[in-house]
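Next up: some structures, all given as structure tokens.
What follows is chain A paired twice: with chain B in the first complex and chain C in the second.
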Partner chain A sequence: MAKKTYARGHRSPLASFGIHATLVVASFIAVFPIVWIILTSFKPKASIRNLKLIDNPTLENYTALLNNTDFLRWFSNSVIVAIFTMIVGIAMAATAGFAISRYNFPGKRPLMWTFLITQMFPVAILIVPIYSIMSAFNLINTHASLVIAYCTVAVPFCTWMLKGYFDTIPKDLDEAATVDGLGPFGVFWRVVLPLARPGLAVTMFYTFLTAWGEVAYASAFLNTNDKFTLAYGLQTFVPRPPTLPVWELLTPAAVLITVPAGLVFFFAQKHLVAGLTAGGTKG
Partner chain B sequence: MATVTFKDATRHYPGNPKPTIDKLNIDINDGELMVFVGPSGCGKSTSLRMLAGLEEVNGGQIFIGDRDVTNLSPKDRDVAMVFQNYALYPHMSVADNMGFALKIAGVAKDEIKKRVDEAAKILDLAPYLERKPKALSGGQRQRVAMGRAIVRSPQVFLMDEPLSNLDAKLRVQTRTQIASLQRRLGVTTLYVTHDQTEAMTMGDRVAVLKDGYLMQCDAPRYMYDHPNNVFVAGFIGSPAMNLLDLPVVDGGVKLGGYVVPVSREDLGGATHVTYGIRPEDMDLSTDGTGLELVVDVVEELGADAYIYGTAAGVNQIDTDGDGGSKPFLARVDGRRPPKRGETVHLKPKPNHSHVFNADSGQRLGK
Partner chain C sequence: MERLRNTYNKYWYAWAMVIPVVLVLAVLVFYPLFQGVWMSFTNINEANQVGEVCTKSLGGAETCAANPNQWQFIGLGNYADLLSGRVGEFWQNFRITLIWTFTCVFFHYTLGLALAVLINRQIKGRGVYRVLLILPWAVPAFVSAFSWKFIFDRDNGLVNGVISALGGTRVEFLDTVPKALAVVIIVNVWLGVPFMMVAMLGGMQSIPGELYEAAEMDGASPWQRFTNVTLPSLRPVSASVILLGTIWTFNMFPIIFLITRGGPAGGTDILVTGSYRAAFEGLRNYSLASSYGVLILSILIVYSIGYRFFLRKQGEVW
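Let's turn to the complex of A and B:
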């Protein structure tokens, strides 16, 4: 009997089943923990550790979190640190990336290598020296110390990213703008930056996340409750074993903590469009 | 409006053994369309960029009018440039692209709009003013790039091979448009191209550059009839001039079995010269005298026909250095071309011969 063949773009029922089964399992693995956390956050304290997915839904965990803990303060601390990291980090990375992309200067290659090499040290090694630097500048227990520390992580990476993006913007546009009367900063600000929107969006999101979820530096540099960032503050909900984590506070916090990151991503993805430079130059 | 003067202008890239532009001296008159032409790497674009201020000047001076602009930044030179690949701002509409320089200069919005509208009318861009460059065709983008220059009404237009990205038909069309537009606006223009046809058809004067040196600068017609040296003779004109290495004999130079009369004082005692004759400057002779040519290829173009052939004892000199041997070329009547394999006799028309020094390549005589 002739073997049944399938037209291009069609597959056998068995292959189809296999592919879909794999996708379903993978999606379940990805989505389940998040769904579980969201559902758990609405369960009353007494039944929080049972396995029922939905059990007397209530908002009491949220009200407890917002009213009885420092959550809102930590939240605003985190927002401040993350936003400042984003602004300062992108400002430095974009200008540095532009300089490296467009100008030749002595030490350009070593500088690029330095950026890469700094990325290779784990935080555990850097934390002590950076701590002593911060303490020398009286920056311990300030948000500035975190912004600076996060920039050391984010700026080198983003500089590489943005340099690569700026390289794709034709230099002829710079020259056209120069002849039209712009200085170097004008070229950067009015021609190159608007065209680098996708690159900027990605790096901004990255710097935001760097600061938003970071625990190690925060736990080393901050020591009073009023300065804590979210990621560090939430640790107070996880006492040392054998005491169990405070699930009724952790789960609503985990839900709320994703909101700003989600918002930033929402605004960033709108700028992730291809072909911004299309039509500017031929070829 | 203004004149442009290159005075010993030199550009030497660090690390290069010799300058890319070596002591360029040239005067461009007020309102003139000057074309720089030459093979790639001759420095024509570099010299234009030096005038634009995009390239450093390492020696000498550049003047626009009486102003020494040698060390001025591009924005202070009052020049507008059309780039080879247009370099339109992709994130701005056509109108914004054209008005950008004025906006930077702080011109009032109404005035910008007025001037953009005027330029758009001249260039037939009015329906496209709100479009982004990516929604335009190649020819339209080219016109926007022109418009961006026109709107500024600068002292000098700089055009860096503005037609090389257009298809052949559009190129011919646009080239006449640019030339007539330039004449209408009367703005001094420096136009760079590698295409000698473009140079001949557009330029008030043409400057031929090679390896950073100015070879000749003259009106197209004069340059065609009086090339200063072998390089210009071979570069200007299409199809190219036949350039042959010929011995000097009594009464002239010996072209195969024929003696082309050249006066003794023109030859200046040389025993060998480079002899140049354009394909259209030869007649088929009926009396069996003249250069004997065996026809290899006949190209019939309708009005004309070109015959390619080999002639005994006559060798084309290798001007472009590619080592390939070149056939002898002549233009004949398109209605009665000889056949392939036929032997014909060609006679140079009187007073259309060009004689050059065999060593220096410089023109001998008038």
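Let's turn to the complex of A and C:
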């Protein structure tokens, strides 16, 4: 009786072919829309509906976008908002994450639950009251309002992730540093933070991307063209019907917006979920 | 008193470190939350929110008088209006939200899991596949939304280009609810699968190899190894990502808002976009939007509690 064995790492050529075929198809579906937008952005306006992959490649869409629209202004607005969100958000998340990771203080458990629960709050319920708070402080149509609003989105999640990361740094190091005369803030600043650089990088990327891609608050709080971020500015290229969308400006804009986000993302992606699961399982 | 001082001395630095976060959450999450809940019991909107109405006379002098139609407490009026269907389209939005959330999460999870299983095997070029498959995650959601709107465009889009090249007639994808809903779901599945795949991959890599070796010794086929080792080991990870994914998808704003704007005629609005449009389009009805928000939050809380209860019952410590 010959029993077929099923060892791992051994499989028939047919199975190998099947796996590769599936993955190739899946990769194609994942990548092709992006490639198509990139290719379209180089087509002249007249042939934008053309099915040919490459058709009289030209940079005229890019020059039109940069010269005739406020794209660069929106871009710099987005950069400003994203960078400030990143700095403010990380500063708060790192200190709180450290305290939660290292100390057992009254109020710690409820605080951690709060962070999880805030993930559940829909934009819908917060946006109107936050809007009225912002207008009470005259912050409507400013970038500060966006930075503050984005921090409320990013900070709870980042604190959770950083706590998980700090947990992996041995406590012996803290104790050694305390013996050498460092206070709690010294331990945090001189010992733990430098060791947590990869974790900090991941959370920085996360906050950056959150701010870079947010639509709802930006659409509600901003109302003049010089303050728009990309998420709002781009909506002017795709106005509501019957006005026709301006695809020849949208496609190069999409490419230019995705490049920095994509770069940031690829530095972060390896650690992104590792950080997330670390924070989640060690709760 | 002595005890209080001791507690303070012992913990002041920990509290000092969390106080900025607590303040931000208090001022910008919990205060708005309570204010939102309060607003949902009033009839406040753009027109009646001010306490005083000021009119300018010809000479430039301003006279102010108390607003005769100032907003007031109306109890459960908004909820009665919403739930009975007198105002807005709550049940319609709710139905669409359920279809949207369930379909998206189902495909996110099954496709993400399937791809993770394939990529977790010893194959050539898995690094390349991994990067390519993650790519949709790297694109900001609003860019994906506009790009897909272009791809599905009636006159210039790729899909219609192919259809007409094959001899078909061009299709307007956004003019009926089923087609428009299918489009937004496809887009959201496209951009949500990478997260699930990476999460599942992370989960699979933490499964100890001995389990597979033991299964092999017992003569388990690959399928049996998958159902009896991989799937059970992934349950904790699956439990959290499905819960998170459901909450995120339920509240997913940009895709529907930017692709269909809720159209045709509000037919593809989910609860979140419906409430946003009540709050910021037309006459801004803040109280109605807040009532929507409270209902959304209640649904999610009930769902999360039910979900945890269900897992506990199955013996999951979570």
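The rule is simple: the second predicted complex is superposed on the first by the 253 of 283 C-alpha atoms of A that agree within 3 Å, B and C clash if a C-alpha of one lies under 4 Å from a C-alpha of the other, contacts with A are read in each partner's own complex, and residues count from 1 in each chain.
By our rule, a contact is a pair of C-beta atoms (placed from the backbone, for glycine too) under 8 Å apart; a residue touches a chain by one contact, two chains touch by 3 or more.
Model, not experiment: these values are computed from the prediction.
Chemist: Looking at chain A, does chain B or chain C touch a larger number of its residues?
Modeler: C
Chemist: Thinking of the overlay built on chain A, is A:Thr178 touched by chain B (first), by chain C (second), by both, or by neither?
Modeler: first
Chemist: Per the contact definition in the header, classify A:Ile125: touching chain B only (first), chain C only (second), both, or neither.
Modeler: second
Chemist: Based on the superposed arrangement, let me know which partner A:Val191 touches: chain B (first), chain C (second), both, or neither?
Modeler: The answer is first: A:Val191 touches chain B but not chain C.
Chemist: Could you look at A:Ala231 and tell me whether it touches chain B, chain C, both or neither (first, second, both, neither)?
Modeler: In the superposition, A:Ala231 touches chain C alone.
Chemist: A:Arg49 in the overlay: touching chain B, chain C, both, or neither? Say first, second, both or neither.
Modeler: Only chain C is touched by A:Arg49; chain B is not.
Chemist: Regarding the shared-chain residue A:Pro170, is it in contact with chain B (first), chain C (second), both, or neither?
Modeler: A:Pro170 sits against chain B, while chain C stays out of touch.
Chemist: Identify the residues of chain A that lie in both the chain B contact region and the chain C contact region.
Modeler: 183, 276-277, 280-281
Chemist: Which residues of chain A touch chain B in the complex?
Modeler: Of all residues in chain A, those touching chain B are 170, 172-173, 175-183, 186, 191, 194-195, 275-283.
Chemist: For chain A, which residues count as touching chain C in their complex?
Modeler: 3, 5-9, 11, 16, 19-20, 22-23, 26-27, 29-31, 33-34, 36-37, 40, 48-51, 91-93, 95-96, 98-100, 102-103, 105-108, 111, 114, 118-130, 132-133, 148-149, 151-152, 155-156, 159, 183-185, 188, 209, 212-213, 215-216, 219-220, 230-231, 234-235, 237-238, 240, 245, 247, 250-251, 254, 257-258, 261-262, 265-266, 269, 272-274, 276-277, 280-281
Chemist: Can you tell me which positions in chain B touch chain A when the two form their complex?
Modeler: Touching chain A from chain B are residues 52-54, 73-75, 79-81, 83-91, 100-101, 104-105, 132-136, 138, 141, 148, 152, 158, 165.
Chemist: Give every residue of chain C touching chain A within the complex, in rising order.
Modeler: These residues of chain C touch chain A: 7, 11, 13-15, 17-18, 20-22, 24-25, 27-29, 31-33, 35-37, 39, 115, 118-119, 121-124, 129, 131-144, 146-151, 153, 155-158, 161-162, 165, 190, 193-195, 198-199, 201-203, 212, 216, 219-222, 225, 236-237, 240, 244, 247, 250-251, 253-254, 257-258, 261, 271-272, 275-276, 279-280, 286, 289-290, 292-294, 296-297, 300-301, 304.
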